[in-house]
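Chain IDs A, B, C and D follow the sequence of writing; residue 1 opens each chain.
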Amino acid sequence: MAKSLLEDRLREACGVFGIAGHQDAAALTVLGLHALQHRGQEAAGIASFDGRRFHTERRLGLVGDHFSQSATIQRLAGEAAIGHVRYATFGKTILRNVQPLFADIRGGGLACAHNGHLTNALTMRRRLVKDGCIFQSTCDTEIILHMAAQSRIADPVDRLVDALTRIEGAYALVFLANGLLIGARDPLGIRPLVLGRLGEALVLASETCALDIIDADYVRDIAPGEIIIADGRDSRSLTPFPLARERPCIFEYVYFARPDSVLSGRNVYEYRRQMGRELAQESPAEADMAMPVPDSGVPAALGYAKESGLPLELGITRNHYVGRTFIEPTQQIRQLGVRLKHNPIGEIVRGKRVALIDDSIVRGTTGKKIVSMIYGAGAKEVHMRVASPPILHPDFYGIDTPDKDELIANRYDNEGLREFLGVASLAFLSIGGLYRAMGHPKGRDDSHPQYTDHCFTGDYPTNLTDLQEGADGRQLSFLGEHA
Amino acid sequence: MAKSLLEDRLREACGVFGIAGHQDAAALTVLGLHALQHRGQEAAGIASFDGRRFHTERRLGLVGDHFSQSATIQRLAGEAAIGHVRYATFGKTILRNVQPLFADIRGGGLACAHNGHLTNALTMRRRLVKDGCIFQSTCDTEIILHMAAQSRIADPVDRLVDALTRIEGAYALVFLANGLLIGARDPLGIRPLVLGRLGEALVLASETCALDIIDADYVRDIAPGEIIIADGRDSRSLTPFPLARERPCIFEYVYFARPDSVLSGRNVYEYRRQMGRELAQESPAEADMAMPVPDSGVPAALGYAKESGLPLELGITRNHYVGRTFIEPTQQIRQLGVRLKHNPIGEIVRGKRVALIDDSIVRGTTGKKIVSMIYGAGAKEVHMRVASPPILHPDFYGIDTPDKDELIANRYDNEGLREFLGVASLAFLSIGGLYRAMGHPKGRDDSHPQYTDHCFTGDYPTNLTDLQEGADGRQLSFLGEHA
Amino acid sequence: MAKSLLEDRLREACGVFGIAGHQDAAALTVLGLHALQHRGQEAAGIASFDGRRFHTERRLGLVGDHFSQSATIQRLAGEAAIGHVRYATFGKTILRNVQPLFADIRGGGLACAHNGHLTNALTMRRRLVKDGCIFQSTCDTEIILHMAAQSRIADPVDRLVDALTRIEGAYALVFLANGLLIGARDPLGIRPLVLGRLGEALVLASETCALDIIDADYVRDIAPGEIIIADGRDSRSLTPFPLARERPCIFEYVYFARPDSVLSGRNVYEYRRQMGRELAQESPAEADMAMPVPDSGVPAALGYAKESGLPLELGITRNHYVGRTFIEPTQQIRQLGVRLKHNPIGEIVRGKRVALIDDSIVRGTTGKKIVSMIYGAGAKEVHMRVASPPILHPDFYGIDTPDKDELIANRYDNEGLREFLGVASLAFLSIGGLYRAMGHPKGRDDSHPQYTDHCFTGDYPTNLTDLQEGADGRQLSFLGEHA
Amino acid sequence: MAKSLLEDRLREACGVFGIAGHQDAAALTVLGLHALQHRGQEAAGIASFDGRRFHTERRLGLVGDHFSQSATIQRLAGEAAIGHVRYATFGKTILRNVQPLFADIRGGGLACAHNGHLTNALTMRRRLVKDGCIFQSTCDTEIILHMAAQSRIADPVDRLVDALTRIEGAYALVFLANGLLIGARDPLGIRPLVLGRLGEALVLASETCALDIIDADYVRDIAPGEIIIADGRDSRSLTPFPLARERPCIFEYVYFARPDSVLSGRNVYEYRRQMGRELAQESPAEADMAMPVPDSGVPAALGYAKESGLPLELGITRNHYVGRTFIEPTQQIRQLGVRLKHNPIGEIVRGKRVALIDDSIVRGTTGKKIVSMIYGAGAKEVHMRVASPPILHPDFYGIDTPDKDELIANRYDNEGLREFLGVASLAFLSIGGLYRAMGHPKGRDDSHPQYTDHCFTGDYPTNLTDLQEGADGRQLSFLGEHA
């Protein structure tokens, strides 16, 4: 698939958004999802509640492709709405799996949108199927609906809480349950979820940039393990889980979140710039300039340039029209060194020593290609500097990581990888440096790590029940993927 | 909606098809559904099983529009497949409701296609929701999946049988449960289901015309209350219901089934011709010709002409390009007497007395329009003869009947209706005549009626549990219809 | 291509429609084209004039698929409009060739829709190209626009007339030239064109059924060689050609025109019934019934039954859902005797001798298939009776005839063809019988034939300039067909 | 239209590409057009020649949306191809106007793709129409085809040359004339056109980035007034025009060309950085940082920061998913200060003085919105610095400029505009500074200006024949735009 040639990054699984108490709930959800588009580009969906019934629209493609017509907005009637953008974390994205999911359950309808991944989904699904449940999608999220439906507790919200206490893994969830907008974040706060306010309406979103786009005020982060229940104007919170230290996913800081979003009180841009500074301190380069791989390496390169005193050059042009659908048209063409996405600016690199800054390396294919382009444009030396540690371990919390042996850092030592990439020198930011950049001068607290960082360290913060049960969790249904 | 102007007939809810033991299972299902297209033109779907997984494709539109490409067929891998064509019996057709439904349940996947309607669906759904089930569609059919999943019986087929003993109403069902093709017909045999054989493969279909199109042999009708379980080559049958006399829906004979299909051993064409003969005996007309409303009135008109000695004329042209989508473009246009579908042949009717034969009258709007056209073309007299009794009662078994007060026969007596239609005389076939035409010389056996004929008689053959519970059964979900 | 298996008939090239002086001009044109849909199902187009500018919409597909939305109608502003439905007479239909054509020429815009074919198109095109014209489509029609543009005459209408005097072949043309609706029919009246009136608006159409659908009154046929020029309310006519006897295309009577259309004062249905009567007199059959191939053979079968005294049976069901797009899905499937379109009614034919009536035989493939089905359903004997003479010669006037050696009547004598079709006996209507059925008791006047009948007789009524110049007229452009 | 809210820049009309002598001609053209996508995003088209026939594919939308499937590529057979991407310079883009245009003319087929605009198009069109030509599009380009067709010269290439000598205005043209690929650039070289080589194949393109994407070597710019004629391997050039000094469009340097493209021997990125340096010298700002409006202001901001010593901050995030189709869904929503495309990073600007660098100001609406966002994010002062002079005059050479009174610099003096934008100070680069940045230390040579710069100076480099004839050149046809 050509996509793998184009995109050599980890991909976030999803983004979620919800709003209650605004007459333009669906339209504002469209905008919120648009701001979260970087978190999932394969499908989008919205569910609204009009006081009596739910309405859902779910489509493959970008938010702007399908949700910007007024007819669509009008069908999504009501003052409360939730929305979802997604990548397929595995398999092909199919319409049946596009969220929000909806179910008629005891006490009314329930719509649900989920960012994250449940590590006991298969185990729970097996148990539920044995108990007589029927599953109609291949989403792990569907087990939450079943458990809420099956709970013996009387109050509908309490039933949902009951269900949440039985799932493991990472989640930022938004629900629409009749008039209520409900948000929930996993006990470790692995996946992000923030609370905002627009006039009297309450808003939930994966990132603050989704508040900014609708000019909503940021109120606070949803706390790890918090369940927030909002009607039009007011909200209350439950914290049914044992107290645990927060361990947000470090990849939100390194790559996923938009630079203008605020995580733990700072703009993501600032964390990344700081990673560049730490990297410059740890691994200076004998070079004539610091140059980012656009767009994701830019903030780190700014920090690297500042710290090292090297001039910053933005010497690679990126073609933003490379959409989801561009397929290199013929086999022969593919063998040419086609530059669909990036092109270096010759005049800048010719005869020069380039410190090339990227945020991370996954398979190494894009990096290798860009390095070769820069040499082709006449650079004398390319020194690769990566503003995060080597990725060694797969994720099970909603990030689409390749198989372990496709992670290039598992296949080579540093010298081997340097050779593979074809660079004069290669350095990664250390885990200590990364933690320092995040504002922890003493680095990682190994007894109580501040972040979910297993991709670098192998230290998974939760049980991996499905894995221990011998399942890879990747085939949840008898239903084939193209449905 | 313009459609109601175009179509003034009762509409069948659905057609079903299934095949097991043939390497071209999906392609043959496409053809079978194509032959059953008259039973449902708004959506079509196919589920196949490849020995390990299920594959489903479900689309709005005609079979030929979406299922004739080889890529679609190839995705539907496997030697067993079931398919479905449907009208929406109420509300808008939405993709979520297009069958076959699929569920992962205990023991494996289960796909299901249903023709008919369950009269205790809402009551059962309420009970299941109370027990913790979640419902994701607005189909009555979904309760069957839940009940099969929840049954405490060990054997998967027995669980399905258990579920079927708990539903009421009318159904011809085909299931795909791993390697097995399962068919079931309600205890009264209200909806039709036939068994065929193509080489060693077994075939189930709503009508024999779906066997003819693939050159399969007709074996026999599935018996009322029979559940047939077929693997690739063999089949066995269960009859878990108390013995009951068969009461097939009389509308299959009057209007729904294709004239070339065989019901109870005779071609439908013959029954309808016989209805025309009985009508001629009961209600002769002082006319110069017998002329059908095409296409549905043709066989009755043939019989009427033969019996009455009037010459047959096919004096109305029908435009077969009137598809689902033709919308009369402007309000002004609609007020012209637009003849989108029918046009009389002036030379035939000019100055003549026409006995106009139709199979049935529902709202009367089309009939009125055609009568007016024929007079407009110069006819001297139009005598309307209808080859079935007046329709007075709504259906609850899968036929899309209008509300009771939209049924024109409830709004006028015979003279009033004659005047409404603008005809010189009007006569309907009597219920006795209808039964005689069906091969019962003594007419209807009121103690044990031979057919399900409540639309004419008000004699509903089953419990109407949902209705007695005070529900109209038309809103099964909190989910709005446009999803 | 599967289509050739489904359709074994000659295909009309096109239908045209025009209206001037009505505020709903475009909407009425949509309806008119819908009534003419049988004349061309691959593409449709409409051009309107709003007093200042022209608007055009041209689409592949059926009229109802693309022209029934009000947005489309609104874009086609103005009180005058012309429209076109078409088959590709050769090559693939491409959007560039969909009519109406439009050109800015001296004196204003000119839109044009054409039914027919010009027999000197290639010769003229070569000359025009040599003179510096540029051609942008592969339509023969484009030469008319060029010749009108190049004429040295001052008056724009006179220029158009001048152009028409230089083309040869068959045509019914409608033009929109600023405020004027102009119609033209070739000097022999090969292609049909009728004049109607709706209130004060004037209407032109290929057939009267397009007047009926909008409730317009039929005024008269446009005379052979007549050019009619209409503004909103009035019209005047020119007859710039030497007087010639009318020779309308006999295939309009035999097959193309809709049965409810009026040609030369009679409904087409009546001509065809009469052909059946003549056929019965010439070639009676020892049979138990007369049965048509639906739908086209029905009127002839009615006449055959009446004349012969055989009972009429409509014993073949036709599936009208076979659209343009149905592709038989796999190679294996194609080898089964699939009955996509026709299915015999077993009970009617079993053990019987059937006189099977069709209107014409082209390649013979469909006939052979239907005969085989009828025997398969148990018929004892099938006697084929064809209500027109054998087709021996290709057409050059707008009918899509296969190559000469694909015409089955050129490959077999009567006995050979009988054997090929697998029938017990075979007879065609004689040319004399055909003319008698058309109302000419003495048959064909060989010195002044009353019809264009070269497909039967080889007697082409006009020069075939392109053919004499050594061109087959089938490749008009350097442009490939898929553009 | 929402688009005007999103895009407040001048838009290039088109980009062109051509290749001859390569077996993958069409696929390489797809890639070339993809690299030129920034020059036109509303439509794309390709014409190829297979040695005998031309093939064309033309579509609305992005190159990647329609031209990346192998079926499309295969239909575009042949070793020579030309392609085109376009904006509509006026009116709605319609398929009929999408290039390449194609015509059958004397001597063979001729396909043509055009970047630029002809200033005597309407005048010539009137003359040609008077002479009997028919026009089928509303493109100015069509006149070239007619003039080539009408020329009395024998040799086809000479005829084309003859035609080119009669047009005025700006053009980079690529033609496909049977086996030949022909390129032409207007006598002043207003629009760019470069020559490249890939193996033995010759390539023409609007910019060098289209050579880079297919790894072709840059050979040289096509000279002003040069007509280059290439077959598979060789080329020859004609220069039929009187010698004139080159005056390339200065907007290619300021805004249109991609930063990695080479113009007059330097990367565009370098010119723009130099403009930022000049701007810093002319108009320093009392600020804490230099910050670009992304993406177009980035190179100038780099130069401004360097020269001024201010730290560079990339403090505005741009959402690249804003496609062509995003419509703000409701009126109410539009009134919120929606940030569909840009969002400032609060932490960077809070309490700071920002020197905001943009490349140009057209209507001023985007600038005003961004300034307001930056203040909203807490900036203390915003100082706007624009790296080009005020735009005062409309373009007639292929750039989509708004009407004169929509150009904000015509509505306010500097102080008024400062107030309108809401900034603390405002400065534009002077025309002298702009020329210095382009490498002319003495600035603009007013007697022989080095660039086409009328948007800033009002100095139009060619006759504006149509304008002098009283036409605005915006309505070329009687055909409405939605066709």
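Keep in mind that, in the parts below, a residue touches a chain if its C-beta (ideal position, glycine included) is under 8 Å from a C-beta of that chain, and two chains touch if they have at least 3 such contacts.
The model shown is predicted, which means the values in this text are computed figures rather than measured ones.
K.L.:
Need the graph distance between subunit A and subunit C over the touch network, please.
P.N.:
The distance in steps between these two chains is 2.
K.L.:
Taking each chain's centre as the mean of its CA atoms, how far is subunit B from subunit C in angstrom?
P.N.:
Computed from C-alpha means, the inter-chain centre distance equals 36 Å.
K.L.:
Between subunit B and subunit D, what is the gap in Å from one C-alpha centre to the other?
P.N.:
61
K.L.:
Could you please state the distance in Å, as a whole number, between where the Cα atoms of subunit A are centred and where those of subunit B are centred?
P.N.:
49
K.L.:
I need the residues of subunit D touching at least two other chains; which ones are they?
P.N.:
In subunit D, no residue touches two or more other chains.
K.L.:
Determine the shape of the graph in which chains are vertices and touching pairs are edges (line, ring, star, complete, other).
P.N.:
ring
K.L.:
So which chains actually touch one another? I want all the pairs, not just one.
P.N.:
Pairs flagged as touching, ordered by label: A-B, A-D, B-C, C-D.
K.L.:
In their shared complex, at which residues does subunit A touch subunit B?
P.N.:
50, 53-58, 75, 77, 95, 101-106, 108-110, 125, 129-130, 132-136, 145-146, 149-151, 476-480, 482-483
K.L.:
Across the complex, what residues on subunit D touch subunit A?
P.N.:
Of all residues in subunit D, those touching subunit A are 23-24, 26-28, 30-31, 34-35, 37-38, 41, 62-65, 67-70, 72-73, 209, 212-215, 258-260, 262, 266-267, 269-270, 298-299, 302, 306, 311-315, 317, 319-323, 325-330, 332-333, 336-340, 343-348.
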